[in-house]
Amino acid sequence: MSPALSQDSPAVHLPQLYPLLYEPLVRRALEEDLGRAGDLTSDAILPAHQMAEAQVVARAAGRVAGLLVALSAFRLLDPTIEIESSVSDGEDVEAGTVLATVRGPARSILSAERTALNLLGRLCGIATATRDMQRLVEPHGAHIVCTRKTTPGLRALEKYAVRCGGGHNHRFGLDDAVLIKDNHIALAGGIRPAVERARSHVGHLVKIEVEVDSLDQLREALDLGADVVLLDNMSLGVLREAVALAKGRAITEASGGINPKTAGAIAATGVDLLSMGWLTHSAPSLDVALNVG
Amino acid sequence: MSPALSQDSPAVHLPQLYPLLYEPLVRRALEEDLGRAGDLTSDAILPAHQMAEAQVVARAAGRVAGLLVALSAFRLLDPTIEIESSVSDGEDVEAGTVLATVRGPARSILSAERTALNLLGRLCGIATATRDMQRLVEPHGAHIVCTRKTTPGLRALEKYAVRCGGGHNHRFGLDDAVLIKDNHIALAGGIRPAVERARSHVGHLVKIEVEVDSLDQLREALDLGADVVLLDNMSLGVLREAVALAKGRAITEASGGINPKTAGAIAATGVDLLSMGWLTHSAPSLDVALNVG
Amino acid sequence: MSPALSQDSPAVHLPQLYPLLYEPLVRRALEEDLGRAGDLTSDAILPAHQMAEAQVVARAAGRVAGLLVALSAFRLLDPTIEIESSVSDGEDVEAGTVLATVRGPARSILSAERTALNLLGRLCGIATATRDMQRLVEPHGAHIVCTRKTTPGLRALEKYAVRCGGGHNHRFGLDDAVLIKDNHIALAGGIRPAVERARSHVGHLVKIEVEVDSLDQLREALDLGADVVLLDNMSLGVLREAVALAKGRAITEASGGINPKTAGAIAATGVDLLSMGWLTHSAPSLDVALNVG
Amino acid sequence: MSPALSQDSPAVHLPQLYPLLYEPLVRRALEEDLGRAGDLTSDAILPAHQMAEAQVVARAAGRVAGLLVALSAFRLLDPTIEIESSVSDGEDVEAGTVLATVRGPARSILSAERTALNLLGRLCGIATATRDMQRLVEPHGAHIVCTRKTTPGLRALEKYAVRCGGGHNHRFGLDDAVLIKDNHIALAGGIRPAVERARSHVGHLVKIEVEVDSLDQLREALDLGADVVLLDNMSLGVLREAVALAKGRAITEASGGINPKTAGAIAATGVDLLSMGWLTHSAPSLDVALNVG
Amino acid sequence: MSPALSQDSPAVHLPQLYPLLYEPLVRRALEEDLGRAGDLTSDAILPAHQMAEAQVVARAAGRVAGLLVALSAFRLLDPTIEIESSVSDGEDVEAGTVLATVRGPARSILSAERTALNLLGRLCGIATATRDMQRLVEPHGAHIVCTRKTTPGLRALEKYAVRCGGGHNHRFGLDDAVLIKDNHIALAGGIRPAVERARSHVGHLVKIEVEVDSLDQLREALDLGADVVLLDNMSLGVLREAVALAKGRAITEASGGINPKTAGAIAATGVDLLSMGWLTHSAPSLDVALNVG
Amino acid sequence: MSPALSQDSPAVHLPQLYPLLYEPLVRRALEEDLGRAGDLTSDAILPAHQMAEAQVVARAAGRVAGLLVALSAFRLLDPTIEIESSVSDGEDVEAGTVLATVRGPARSILSAERTALNLLGRLCGIATATRDMQRLVEPHGAHIVCTRKTTPGLRALEKYAVRCGGGHNHRFGLDDAVLIKDNHIALAGGIRPAVERARSHVGHLVKIEVEVDSLDQLREALDLGADVVLLDNMSLGVLREAVALAKGRAITEASGGINPKTAGAIAATGVDLLSMGWLTHSAPSLDVALNVG
């Protein structure tokens, strides 16, 4: 189902996406589209034995992500459909590129089309947006990271799309690191009790990140040994000072107001990471289509 | 859990969203965020008996949609959380409006926060975008309709958000109407065989819509008695002619290239409906937040 | 939700039907009826705040079964619906009897109606048919038993309906007793190896029943110590002999050709049990309805 | 797994039944029969390596429906079972016809038997009953349609069986058309407000059907532009008048009291459709069996 | 996937374990280990195209159980992994024995490793403990049986492991036999009403076992026709008397205080069965490992 | 349902166990025990209206864990059961201590009993074993940690039980930290490439632990900046040297051969953590019971 992965394919170093983890989502998406009665149009118009061939095509240029996930819609609906993908996740494609070819019963191909395209457009959209942002910050040695502001039910896939775009992943959920935010600090009564309690209760493999708004808060967090500091909504000047303070003591992450116009300057402050919720909650889909024949 | 619905609330005429249908999605979203170990940060920092109150706030102006769905994240995680919503779906709010107040165990409130906000931001984003488009076409008596280009797993909720925004719904899936598109026509060998087969195989409550690219195709579809014609990517001039041809014979729907700049002029051609995939696959989230008080 | 059970109610000695076991089925049935878009008719016609009261009524006389199961459709769709049942499972009712009253949002009541009635009609239908057959055989001390020829997904409920009708239950599945049928005997090479292997491999709490077609087979089964013998499709004369042979040695069960015309004579042979697949695969539904107002 | 479909097979124009949609049901049915401990009898009596061949046979004449669905029970339990079907859905068979042959481990074949037969008997029973009714009304140009009075969990399959029997499908659920019934009219305060609200709230692809009891109600519904009128429980004379009134204005559907004795006369009134709940809630199963050979 | 089963393999007479029944559990276990982000270590360190071969090895001597269940973890995660098992369930192996060899993508093999080993170690642990106990009682013609004190979610597999160890199975659940215990007797007001009610309400294929603490209770249970008597926590002397009393009238089962030191003497009393909860709730896992290379 | 938590209760600082996460498991366990037909014994012997009160009692001394999880079995089966717990997770109890009292329908209480006790016994067993081990190492400032050798399906609960016992948690799964083991090192071609690839591919919140067998390997891991080193199966002497080498550079964890006899001496080497698979795969259940009356 996949093209032979050459050792140079970017997909070789991407995380593994096992069908076990994404098939339930694709099945639900197919069921959501087919409803109880299935594809009224295709079933009425096309006899069961009619065969077809179709191309999955990128109508705009972008970065590929989730191709095998999207194509699994065809396989899960009808295992007799043959699928040949022509590119791999992590590759850049021009408008008009054929991403894959599917062959099999015409009804099945048309009935799975929308599910496959909806998944593909979204994941390529995220990867493309991430790539574009990453290119702006890369000259400064910084990395774009995503957040937990993801689509309900799609987090693992969207985080993977960020990786396809060259970005890094932040927490996958509430349970894989400590991130002490303003609400926690307010409820705990300060940064110190928050960090100390975190340190005494979490396991030896859990890092601690602290969100700070000011240089004073930053100093307190650094003194308490925070592994990462989240510098929230700081001006460029303050951010530069913050980075200098934290150098060698903690990883630095900037958040708030990051967009194509600001990213370069923010990265130039020397901050390690720029985090953007926008990548996963608001990046536009890539335009992809299925062409029969 | 909901405010008393006055007879004037726009929610009174919205479709009913039963928990039976959306709770499985909200549960999955919570499980996705909590993982196996739960909220490491809140559990470590806050003792189990600490209580809190927090406001769900719109940080930007917009149209509300899915408020009870989003708030159910708090209830499903911890039934002891009290929830009071201050607005209803379908209402417009200013930036800074408190949408709801939650009270209960601090841990539970913070642990459900992101799930609730991710849902709310997305649905309000769709409703807001729909409202803005609908306002552009309303003076011409036209309506905005959505498509099947929705987020996998969220179709029913996103279609509901379009309704909250004042738009109309197109098909919910492949099984609730016939929509004959270019791929069907190509495989069937023409519009005529496609429409005739559809008519002879589908039930008496199923309408038939046909996608046409030209006035010739339109005439053929009208002669075959199509209930609705989808006028795809036509210039304003051709669209105007098409609408005139179809008047009194079929409902007309324009698609392709519809955006805030073009919508008014397209609606002015007299077309009944303007359909936009963008509303559900690419509209940006509304900025919403939880403030512990 | 249920009427106070007096000590004389037949429901007092029926098996317990826990919501844990039947709610998933009722939820699936509701989802199946509501689809993605819900009840288009009620949502369009009735404002969200309109209240209603309705009666669940038996339009024909019969035996009640599964009333709480069926009514749970209202509760699962909308927990604010109040439900009052006026009869209990196992009772006989006349045509026109009100079985229950529901009060709450009009939309919710109408949207759950069909799911509730489909369940109720089927289960009462089975109970009524069982009762009628049981009455024919009771004077002879015999009992009607059901089979595994049940509706996929409804076995536990249908077996319960048989109990409500006064019948007894046969196996609930392949795993709660040994029933050696003709195919097993053929593949094992005879009754003897079949029974001997069964005895040596199954646990100490598992009974063994053997299907026999002739008196010779019956003798062999009895000599091997079968706990129950299934006398399949025997003439009345042979059946009478078979019962005499088995008396005191094994429980006897007749199957094949049992219907209202033959049941009395078959029971008169002294056989202990008469098993009928018809009760669960072909008994007609009882006519039940929902009347608003 | 299926016989090559010739272009003349009735199955060529039946809707597609994707395994994605029916396999969960078949799995649940198998689990329901196997319980926790599996097939005590076959496992005890037959060694794991014993092979067998068996025929699925119709013991009565009828119309085939759901054959591949039923046979999937063998495949889902044990993928090593080979399955060969000898007829297709939509075909008529005589008593004694072999519908399929299965070959593989004897234990697996016997353990899946009852699940396969329960499904097959029910679906063929519905198709056969539909066929018989359809034959009665066909000379008059009318069609039999089913209702939503289906078995919980089996709606899509039972609607498909009706299609195999030559009938047409009514709504698959509450969400694929508007059907305004007596309860809606009562709660809305008349036919006019009911139809007007429906028209203003539902999408452009949704048809509206109105149930009427009298010619006055019929005239009102027609004047309001109902797409379909459901003529409930009318005498033959009134029905004839109603059909004349509606001619060219709306599709007509008769319901109530339709059975083999009345169907011909009702169809002779010129009504378009005759709807029967009985087909799916009370039609007897077709007698099918598995013979090890 | 499995070795050819010779007619002498102990697996030939073990119950069939269908993937339908155990795959959901194995999938859940894989999902539990992989979480959202998958195997961070293997994905980061090993390129996607790296292949490997590994052996599943018993590091201690024991009885094999659940080998195919455990190996299914590899197959369910990655169907391209080739699996070759070298022994069968029910066989005894020495420390160091290779139980199976797996070949395929290195990432997939390492990612499924722990899930496979956790299952295998537990099931072999139970089988080994059962075998050791059974060897102690076998000279006296007695059998070890397990109880319902099993791991939540694993009952069917653990009961199967007991069979692999040569033990017999007690009830699989509350629904496959009657077992009247002290709490039931207290609530029913004595052994007599308890047994009489049981006999009058349960089906003809259900056996009745009664727990007794004294010879008086035993006599009452035997007079009432109990099929099996559970002799709870009796001294050896009383147990011997009890067995003598019950001989030829009921199956006898001893429980309480059974361990390697006491089992022989208890079996020597002539009791038929010795039941041990310890086998499934506290038996230590067998040490198994995966060795790459 | 829970006792008021005083500020001193150990439960105040335990992680939150949300019903959302454990109820599916408890439901599956109840379904597993009830099967299709439910509790044959209780339903036959006890009339539906009989009420009872019962105590959940520890029959041996130990540390409480998972009490609310276990008690949820009663609530999930029958919401009318009243539950009062008398101790909290994390407390030590003597033999004979009443842990909770339940009141409600006698049938429901007895039917949920075994499910509740199976869960409680296992979790208290793990907590008790952890407590006993932790007491041995605590004087040396060390901590006991668990592993991923947990029961399939129960990982989160078993990890929680370890916390109740005073132990710390290691990884919850493959996705919450990097642990480079011997198999990874072999496949990557050494510790250096393994650690370097891990560092370049994982996110900024992920720690890296490396398993080492020798002091040479340890030096290499430390030089590469491993956050944690797993010192596997080292003699006390080597372990002491390893701890000295790693001091101030990495957290140290000992594994292999840890048991009550060795734990004190191992902790005395100054190692930070001692990890034990035995706690979750082989610790015996605590003896708990339900006493009616």
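Here the chain labels run A, B, C, D, E and F in written order, and each chain numbers its own residues starting at 1.
Note that a contact is a pair of C-beta atoms (placed from the backbone, for glycine too) under 8 Å apart; a residue touches a chain by one contact, two chains touch by 3 or more.
Since the model is a prediction, treat every value here as computed from it, not as a measurement.
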item: Starting at chain B, fewest touch steps before arriving at chain E; value: 1
item: Intersection of the contact lists for chain C and chain F; value: A, B, D, E
item: Partner chains shared by chain D and chain E (touch criterion as defined above); value: A, B, C, F
item: Pair sharing more residue contacts (C-beta pairs) when A-B is set against D-F; value: A-B
item: Same or different residue numbers at the chain A/chain F copy interface, by half rule; value: same
item: Remotest chain, chain F as reference, centres from CA atoms; value: D
item: Copy-to-copy rotation for chain C and chain E - C-alpha atoms, rounded to a multiple of 5°; value: 180
item: Of all other chains, the one whose Cα centre sits farthest from chain E; value: B
item: Distance from the mean Cα position of chain D to that of chain A, given in whole angstrom; value: 44
item: Between chain D and chain C, distance of the C-alpha-averaged centres to the nearest whole Å; value: 23
item: Centre-to-centre distance between chain D and chain B (centres being mean Cα positions), rounded to whole Å; value: 33
item: Of all residues in chain D, the ones touching two or more other chains; value: 13, 32, 34-40, 42-43, 111, 155-156, 169, 172-173, 175-177, 201, 206
item: Topology of the chain contact graph, where touching chains are joined (line, ring, star, complete, other); value: complete
item: Of chain E, residues touching chain F in the complex; value: 25-26, 28-29, 32-46, 50, 52, 54, 106, 110-111, 113-115, 117-119, 121-122, 125, 148-156, 172-181, 183-184, 186-188, 193-194, 197-198, 200-202, 206, 278, 281-285, 290-293
item: Contact set on chain E toward chain B in their complex; value: 32, 35-36
item: Contact footprint of chain E on chain C as seen in their complex; value: 13, 145, 168-172, 175-177, 201, 203-207, 209, 227-228, 251, 253, 272-273
item: Residues of chain A touching chain E in the complex; value: 5, 7, 11-18, 20-21, 155-156, 159, 169, 172-173, 176
item: Touch list for chain B against partner chain F, complex; value: 27, 30-31, 34-40, 42-43, 47-49, 76-78, 107-108, 111
